[in-house]
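All chains are identified by letter, namely A, B, C and D, in their written order; residue positions are counted from 1 within each chain.
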Amino acid sequence: MQYEDRVDALVAPKGALEMLSQNEIARLSEESGSLYDLFHRCALAILNCGSDSDDPEAVMEEFKDFDIQVIQQERGVKLQLKNAPSSAFVDGKMISSVREMLFSVLRDIIFTEHEYNLASGLENASSEKLTNVVFELLRNAEVFRRIQSPDMIVCWGGHSIARHEYDYTKKVGHELGLRELNICTGCGPGAMKGPMKGAAIAHAKQRIKDGVYLGLTEPGIIAAESPNPIVNQLVIMPDIEKRLEAFVRAGHGIVVFPGGAGTAEEILYILGILLHPKNADVPFPLVFTGPTESADYFEQIHAFIGDVLGAEAQSKYRIIIEDEVEVARVMKQGMEDVLQYRKAHQDAFYYNWKLHIPEEFQHPFEPTHEKVRELNLHFGQETHLLAADLRRAFSSIVAGNVKAQGVAYIKEFGPFEIHGDKDLLAKLDSLLQAFVHQQRMKLPGSAYVPCYRVVTE
Amino acid sequence: MQYEDRVDALVAPKGALEMLSQNEIARLSEESGSLYDLFHRCALAILNCGSDSDDPEAVMEEFKDFDIQVIQQERGVKLQLKNAPSSAFVDGKMISSVREMLFSVLRDIIFTEHEYNLASGLENASSEKLTNVVFELLRNAEVFRRIQSPDMIVCWGGHSIARHEYDYTKKVGHELGLRELNICTGCGPGAMKGPMKGAAIAHAKQRIKDGVYLGLTEPGIIAAESPNPIVNQLVIMPDIEKRLEAFVRAGHGIVVFPGGAGTAEEILYILGILLHPKNADVPFPLVFTGPTESADYFEQIHAFIGDVLGAEAQSKYRIIIEDEVEVARVMKQGMEDVLQYRKAHQDAFYYNWKLHIPEEFQHPFEPTHEKVRELNLHFGQETHLLAADLRRAFSSIVAGNVKAQGVAYIKEFGPFEIHGDKDLLAKLDSLLQAFVHQQRMKLPGSAYVPCYRVVTE
Amino acid sequence: MQYEDRVDALVAPKGALEMLSQNEIARLSEESGSLYDLFHRCALAILNCGSDSDDPEAVMEEFKDFDIQVIQQERGVKLQLKNAPSSAFVDGKMISSVREMLFSVLRDIIFTEHEYNLASGLENASSEKLTNVVFELLRNAEVFRRIQSPDMIVCWGGHSIARHEYDYTKKVGHELGLRELNICTGCGPGAMKGPMKGAAIAHAKQRIKDGVYLGLTEPGIIAAESPNPIVNQLVIMPDIEKRLEAFVRAGHGIVVFPGGAGTAEEILYILGILLHPKNADVPFPLVFTGPTESADYFEQIHAFIGDVLGAEAQSKYRIIIEDEVEVARVMKQGMEDVLQYRKAHQDAFYYNWKLHIPEEFQHPFEPTHEKVRELNLHFGQETHLLAADLRRAFSSIVAGNVKAQGVAYIKEFGPFEIHGDKDLLAKLDSLLQAFVHQQRMKLPGSAYVPCYRVVTE
Amino acid sequence: MQYEDRVDALVAPKGALEMLSQNEIARLSEESGSLYDLFHRCALAILNCGSDSDDPEAVMEEFKDFDIQVIQQERGVKLQLKNAPSSAFVDGKMISSVREMLFSVLRDIIFTEHEYNLASGLENASSEKLTNVVFELLRNAEVFRRIQSPDMIVCWGGHSIARHEYDYTKKVGHELGLRELNICTGCGPGAMKGPMKGAAIAHAKQRIKDGVYLGLTEPGIIAAESPNPIVNQLVIMPDIEKRLEAFVRAGHGIVVFPGGAGTAEEILYILGILLHPKNADVPFPLVFTGPTESADYFEQIHAFIGDVLGAEAQSKYRIIIEDEVEVARVMKQGMEDVLQYRKAHQDAFYYNWKLHIPEEFQHPFEPTHEKVRELNLHFGQETHLLAADLRRAFSSIVAGNVKAQGVAYIKEFGPFEIHGDKDLLAKLDSLLQAFVHQQRMKLPGSAYVPCYRVVTE
């Protein structure tokens, strides 16, 4: 037997969305249509799950003759693949989890387009409308379950982390899994894979057959962070802001592992929300944790938060170093608090309707040079608003580092310019320097060329 | 213990649609909203499943203090009922099938409203668009299954039939069920219940735990024909034409039992379609059957079809008298033909895309006095067009007999006037007289007052 | 297609016992072996499920060229049938329930032989040992379930009952099923089938997919009372006494419908046990019920019980005429009493260990002319002992009526002679006369020739 | 919260054997009974799953106040534990897999005792009888599944292996799992855990929810090699010979990783069988594999086999170094060969009836000083007989190393004396020296004191 590095295959789905209407198939099949492009790109990201690259351009180039078509057959639709990456196959047969994810992509793209003309339709939507949209997207993806108690732990952290950090994320996942908790991450390697792997083994020990490993991604990031194959629920949210809202509304608590700019963005997002006065009494278990070697890292983050957002922000989380059992116990106990609160307020277990998310965190931020320049990084405003703009600053850096559009902008116009208070920017810059120094900005191997420039006023 | 004839209850669903967005709940909860009215009316029809009345007005009057509200709770939404008919309960606890159907109603009403502004939105829709809408409604109701072979037998026939006719429908259902076929009917008593009951026992004998008893109804008819509790998949289609299209696209073959005007409408619908030249080679097993005592009835129908639509129309079905085993064998063999055809044409097993339905059969026909008067009941046109207008004539009579709106029209303006060829109308009139004579127009007990008048030219 | 009245088939099982050791296959395959005979006989009874005969000899004669062999194959054993009755098949394919029962027979015969050399091994066994044997036989048949509450209603009554009685048993079964109760009977037609059929429909309405229809039979009776195809758990107990013990230990309450000698035997069995002082406080819901037309029948029984066993015996049951809802409510409430008692005494839900069964009711009684003559039918002994011998008297009559061995004895030696108190026998005789008169001794069509003679002293 | 290192708990089972008869409970509950001792010992081994010790005496000593009792309750039996090792619990709640295994122990001990008076009953049993006993034990443990194709890969190898060897066993398990193969090992750490862990992750990727991780152990070894918690089917075979027979009859192919005396015993067992002329054409995929660093080890084994058993023995297996994909492909292909053979010979997929196992490999060998001295380790006999006695020699060494009885013998009487051909013993001794040198005889940390002495003649 000879196994090639490109595979042609006709694959059938397992679940429900195999039934497409003729209209839907038509929309996906016209190669000129915008749906086809998006589908083609996301599908390739899924199939390329075994790859170590986080450079989407390179991936597109490598597999430029990859093709995917939807075919109608008597038992439902199938996907016809040509020149697909062989890493998605075992001896020529597609790995089931990859197959499942391919159809998740199909489902989300069709539903999103069908329901919301997202490109334009939600531009002026109210905060409430946006929250309902996130709800409907997750519901359509069958993310919601009937549960006896909150159990979904979101794990954030870098895709490019050191071996000992990765091993630690597995241990934390294992302890969470032993306590019958489930895992939600952003899909991808590193801190997004380790907790799921640990939990999968723990769930096997606990004979839990319906453990959930939920991956939330978006079209811009999926190419750089292919879902790892443990993910058994995958949702492609239409943009980064809806993905973040999905994390905090579908998750019941968050564990943050070491990471880079993306992780910082996520930290600022959740802190900005929790700092809003309306959320003062909403319980939201939040732990920062890492192995002993990462203690310094969290020291730096903690200091930065104290400096720019203040002590109240620091009170919203707990830092635990090298103690996976304690992390798991804190989260398990936190689930109890969330349970009591939701019951008392008749809020759904599966969706945190009560959490107030200010509009600043909901509307898509497109990181262009102009938009980045306009960010308001000054003290003397409400902390949740400062957090919102700091979030956008980090978001821009992520885009400039790994997203196709962002990378293209940087190539054309040079680094983003981040303006603001001298003091504040100094703190920011030194944090970013530390990230670079610790190789948290890119997968190792490549020297990091910054995509931003700090401009004090 | 004392059991009242009115019950208050808080009921939880089992399935997936328990998760409603806040927007959706709001739309259902405002008592002034149009969704609330529709929901309230359909819910009452479901709960009134034990009743023998087919007079929707009387039901509404009897339960005028019935109330239903959607309540958000931590594990999903619940329904709060007040003064519900006790026939839906056993010792104060709601029967599971009724509970399931209540939530089916909720699902269909929300989805339909959400997707299509049906009141106005589909008025000018193309035939293709309407077919896709029917598909999406059925898909959302999870009617589609992955099957190895076509197996869904639609059973049509009257809700008001004699005991020996009813027993025969059970026997046919039993033989179909023994052959692992499933049953789809229009919901309600009589010929719509018997085949399901027979099949349920047969499925138990064959250890089939996932037997399907699919009920297709619509808001206008549901109050007069409450779903019988064997129905385990219930779909509320938005109007009679989409319901008919659902029958012929989701079903794989049809068995017609004796019935009244509604059954005649259905016969003309399927014949009109099968007579269209584009469907000449589409296999569609169609059997008319009844016990020995009903032989005359089919004789009359057969003669009427021959007289007005011709021999080709007669060639589309087979009449089998008092031989349930033969009926079941013919349908089983017919499934094989359908299978081969779908495979050869790569058409879906779960939806008959290839069947051409002329627009005349798709657009809603609202039976007003004016519209009825305009019907073109003349020879000398394409037979499928004549069938279309004959279908509408019978549809008007059903409306005038049992639908709330139709009954109101008749009350106000007197009987519908049906115009047309003298010869043709003579045949029609004598068929209708026979129905009246055989007590097929209304549930027994009430004398039938005709809602139509034949006006020859 | 032509369907014959004899079918050859190779059938595969679904469950676990398809895996036989080579030793086991050998024991079943030798046609001279005693296991083969028993298996052959029971298998034929199962396959003959559609028959209306209760004459085992006639059945054996009719299908004398029927053959069954166990075949080893790569996925387990299969059964090779030759000249099997076609009533077990639909269009040449075996009905699943029949297939399941065939393998139940196999399972019970092998296990029983393997564990207990029943012919001789249990002759001197203690009461406790026998109770453990019954437990192990039921456990091996996977009868025991983990349940939240007692729910198994035993229904006793005749296999030969009038149509209105049969319809009433269906109604009672329906009401029991609506209350989520399960049904256990002795397998066969009449009162053993009706309640299961009613419950099956009710379970469908309540969406109960794991409803239990437990049939307990024994090799001597199975040929005369083929299991009806609703039965989804079938156990062949080795003799009538173990079958009776299985009823009262695995069941949680008993409903008695009209019947003949067999039903009388069962009534005396349960009353004899409940009359034992050790069982004074054991709750055991027991209802005698029938339609209005059967009121006299229960009047007679009630009077007989009062006359021979006294008022205490009469206090152990309740008679309810033509009120299926009340029967079901009484049983449902009774389940609550049983629940509380078992919890308080840490007794298993699935097996009534606490019920004391005197040895007189456990050891097999073989109805020979000699044994029947020795029965002690006199007043002046403990009532439970008198009940024991009355039970044996009725058992003898059942044997003489329908069991192969008993029928043969009667043929050879004439009717059994029943000796005893004049008074007592007079009551007995008039009860039996009433049974004959009401056609409760045999299936209709044949005139009843008594197999007994009452001899007063 | 404070967590102790001893836990008291009342645990309920999930499966079927929760239903024990009163006799069975009695047998287990009398602390003086032999069943209690065996149960107590095995249960402790299960509970001590987190331990790193392979010294059963030490474990017994450490937990000498551990107690376990069977309690009858209304929903079945429960186990009452006192002073159980806390490693079996998470925050005071027993890990599900441990709970499952506890009840497996109960099941096997009761069944074995019930069916076979093993201490004495099988002493003179025929080879055929013993094979049937092994079959029945596995069947009772529900090991047999209905499968489409052979898929059970037995993995043998040391419990005390180096980190890189362990990582390699995980990789092999992962590749096997990706190919939908299942894993069977002897339970315990090292090479018995790695393949299961790898396969568990791979099964998650392939969405296989019913992956099987079968552990076969025996009372003498379980204390030293606690089942790892991935094991989801555990069977306690009564002795080492029946355990070995279970491996080769229930497994479809074998992968051998590096190990010590126990692994050598297993290699000689399978080679001895495959060398028997009757098995010449039975396909049995057999691969020896390890990482690059272990190449020498297999070199030594290969040479030893060639020297003492000859080239034919060498032809029975394939050595693959550091190529997990190749190992998996060879086994996958081997399954196809087994499939064809079983089909052609109508042999069961789940039990290899056709494999001939000479009696020498079936009867228990109790390693006393006398028996060891009598081993016939000379050339000039049939190779399968020489293999049989070599197997016994290694078995003795395992016993002397880690089994309670063996260790006690050595303590009392000094090392076993192994007699035989000078040449042969020289080869044997040098192989054993290599094992000692490579630390394969005991878990690291303790210096190895040999339990044997080679005595050339």
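Just so it is clear, contacts are C-beta pairs under 8 Å (C-beta built on N, C-alpha and C of every residue); 3 or more make two chains touch, one makes a residue touch a chain.
Note that the structure is a prediction, hence the values are computed from the model and not measured.
Peer 1: From chain A, what is the lowest number of touch steps before chain C is reached?
Peer 2: 2
Peer 1: Compute the centre of every chain as the mean of its C-alpha atoms, then state which one is farthest from the centre of chain A.
Peer 2: Result for the farthest chain: C.
Peer 1: In angstrom, rounded to a whole number, how far apart do the mean CA points of chain C and chain D lie?
Peer 2: About 47 Å separates the centre of chain C from that of chain D.
Peer 1: Taking each chain's centre as the mean position of its Cα atoms, how many Å separate chain A from chain D?
Peer 2: Those two chain centres are 44 Å apart.
Peer 1: Taking the mean of the CA coordinates per chain, how far is chain B from chain D in Å?
Peer 2: 63
Peer 1: At which residue positions does chain A touch at least two other chains?
Peer 2: none
Peer 1: Return all touching chain pairs.
Peer 2: A-B, A-D, B-C, C-D
Peer 1: Tell me, which parts of chain B touch chain C in their complex?
Peer 2: Against chain C, chain B makes touches at 1, 14, 90-91, 95-97, 100, 178-179, 197, 200-201, 204-209, 229-230, 232, 329, 332.
Peer 1: Tell me, which parts of chain A touch chain B in their complex?
Peer 2: Residues 16, 18-19, 21-23, 72-76, 128-129, 131-132, 135-136, 139, 142, 144, 146-147, 342-343, 346-351, 353.
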